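Working notes for the structure below.
Naming follows writing order (A, B, C and D), and every chain is counted from residue 1.
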């Protein structure tokens, strides 16, 4: 059934369909409508869950960490400074290997205060050991939430489902609301490997030594480094599991495709624009316009930012005459983080093959600065014509 | 007006329900076969009484451009006093339509190059039994009279569905009366 | 009212193994051991970084026989809420959730989460074991370090500020139960835990914990010093049940006796108070006497 | 030998004694009981057990006579200090020969 709702509602409906047991959240714009929705579902009895109105984002994730450790399927959501305030807990959740799903409704971070969209918040959490998935429309938001629970629980790694604040969170558009029965078929109840319980006492996340150590049975147990190595190793193999999730989802719901990247008119393209989130759909409009000028250009949305699908990206960009990376965040002091990651993927897979494309970087929409489609098209056109700058170019800057 | 892709900009005040009105029209459009429907309120801090804008794009195909409307085909103004506070015709395409809630006569306005439709929705809504100031359903009737876009029946259904727990009949009655009484110019 | 527990009626079942990493003569070990006896097997623990983290053991061996979640410093009470919420959804509300945090983890960095959980009325027991400093990191001052105590970061002048009254802060949340206990009075702690388990909402315990390295005394005198804190009227044992304040155990008896040991004896038992002057001690003695005059008046 | 097949991906500890190792080696003095002074010993019935109650390390048994687990006893001396009849005294660990230590 298709409904017309805003992006936050799409996320909330996804969480409801996944039958999350424990939800904890602290209000922050533009996440609030999402968690308000969930509190409505819980209070009205539409959803059987515990909704905890915590006193901070740090506590929101604390509740989720503890609830997940006790065996619950959990959810939280935040934005901007809320996510930054959580940072310690974000690292804790992945180190504890808890399948938490959190929506990040992307918003600029302070200072100065700004409530509008960019992606500095989630990008700054890149190295926390979470899976990060970016959405470009409401269908992707609701479907990704559902897939995220399956994947997170399969690999025991938490997932951030990221979508642009306001641009998606507060915009209404139609999307298919999956049937509960189908979601139930896709996503079985959470069966944790271990859940805190007095009949099988275990002490979780204790101090762990630099070196390995014998356990009470005389078996050699990991040191801190082994535990952290396994997180990295399993994040890398998560790419395969994500493909499995996508296939499984497509089998039941009849939609879905390549989980890592979303190419549009890329096959015959000489130039490819790359980005994360809703800007990649906007770029489709630019691509269509430039195609009318006989410029062979395509756009590739990157769905998984972590684990980074380096091979899929390199394969898709092999032999292109140019790659133009559009970002709503920057690694201050250098360039866009995606730009750096993308260049390293290309270098790894294409260096010396003669098919290594040159790459350029645009920064756009920082702090909600409107990205006019004409400006975006113009930037793309200019980058295709010649190298614009060695440094990242800020679109729409009025200095 | 190109009926494959229509851009409607709504001008109201915080709390007046412009978003709900746009959402009803969006729903009716989607059911009528417009696969692409995107409704986006002004982003930021919404304060009751302050002027607000909402963008509604209706397209036969999925819409990928979510940026605010720059050149609307139609502007809907829920309060005639907004004419003094906001440049409601900004970017309006030549020959574009203005749907205006006003107690004043149609003749008292002179919008060059645009087509004006007026009705006293505030009075009509009270007549339909709604509380004073609730104009977001009535204005839909005026919009349909002025544009002939989706058919009044479809919109009435949308209104009654949206307001199913909050006086659906009175709300749809306001739209019906407004549809009858709207004065639309050429 | 239930009969008071004595040593012979105290359950013999232990929930802590010997051979922990706690310091020799650790006061926390005593309070924790007896506290867990009162909580019993059907308990899930939450512990932030603190001396208890070390006492509980390093991976992969745990000294505690109860399930325990180690959490970040500031999140103890919120984590307790999370476990509770899950137990509710699992229909396992007979399980007690108990948080054990140090005084820094409670009065300083953990206060926000604790206040949040208490305000929500989440049904768990929170234990603040108060050894009056960040002992796990080498004895720095905390919000509950008493005035005049030399610590690793108040090295010469001693702490200049008053001890933060955390039980009073928690009582202001209108909790069903707030208690002040001491490791030197383990049976009082035991009975208080037993008495409040079935009360609704958050229950708060403040436990005074003598700490040999942090306070500067020979480990063998730990209980004596804990007792001295009470018998000088410096640290009081009490409970606040649904808003009703009542001195308990040895503190209650002091009201009958109308006689306190001079607080000087307490200060002179620990090297951390070595810089306290006679004038300062006299000043503190006056404050104690005024506090007790009030207790005596209420008793009349 | 590696830990790849270790069953947990996380720091998941299971309980057992002696996490801190044989903490008896921390001791510089050991408790020695004089049964002639010990209340439960004298009465030959369950009584007192103050030493058991206050032992931080849980190395004193609640038995007649109370026994010290010297494998883990850190020698804090609280038992000696709290014993109401001074039945427990702390003796210099150096007085006990290596042989005797091994026997314990």
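One rule holds for everything that comes next: a residue touches a chain if its C-beta (ideal position, glycine included) is under 8 Å from a C-beta of that chain, and two chains touch if they have at least 3 such contacts.
Please read these numbers as outputs of a predicted model, since none were measured by experiment.
Student: Rounded to the nearest whole Å, what is the centre-to-centre distance of chain A and chain C, using the mean of the C-alpha atoms as each centre?
Tutor: The separation of the two C-alpha centroids amounts to 43 Å.
Student: Report the inter-chain centroid distance for chain A and chain B in whole angstrom, where each centroid is the mean of the CA atoms.
Tutor: So the centroids are 36 Å from each other.
Student: Chain B to chain C: how many Å between their CA centres?
Tutor: 64
Student: Between chain C and chain D, what is the separation of their C-alpha centroids in Å?
Tutor: Centres of chain C and chain D (C-alpha means) sit 25 Å apart.
Student: So which stretches of chain A touch two or more other chains?
Tutor: Touching at least two other chains: 201-208, 215-216, 221-222.
Student: Could you say which residues in chain C touch two or more other chains, in rising order?
Tutor: Chain C, residues with two or more chain partners: 56-62, 64-65.
Student: How would one label the connectivity among the chains shown: line, ring, star, complete, or other?
Tutor: other
Student: Looking at the whole structure, which two-chain pairs count as touching?
Tutor: A-B, A-C, A-D, C-D
Student: Applying the document's contact rule, which stretches of chain B touch chain A when the two form their complex?
Tutor: Touch list, chain B to chain A: 22-23, 26-27, 30, 35, 37-41, 43-45, 63-68, 70.
Student: Over in the complex, which chain C residues touch chain D? Could you list them?
Tutor: Contacts found on chain C: 7-8, 10, 12, 14, 16-22, 24-27, 29-30, 33-34, 56-65, 186-187, 212, 218-224.
Student: Tell me, which parts of chain D touch chain A in their complex?
Tutor: 1-3, 6, 8-16
Student: Which part of chain A faces chain C closely enough to touch in the complex?
Tutor: 21-22, 24, 48-50, 52-56, 58-60, 62-72, 74, 88-89, 92, 196-198, 200-209, 213-216, 221-222
Student: Where on chain D is chain C touching in the complex?
Tutor: Touching chain C: residues 8, 11-23, 26, 46-50, 52-59, 62, 69, 71-72, 74-78, 80-82, 90 of chain D.
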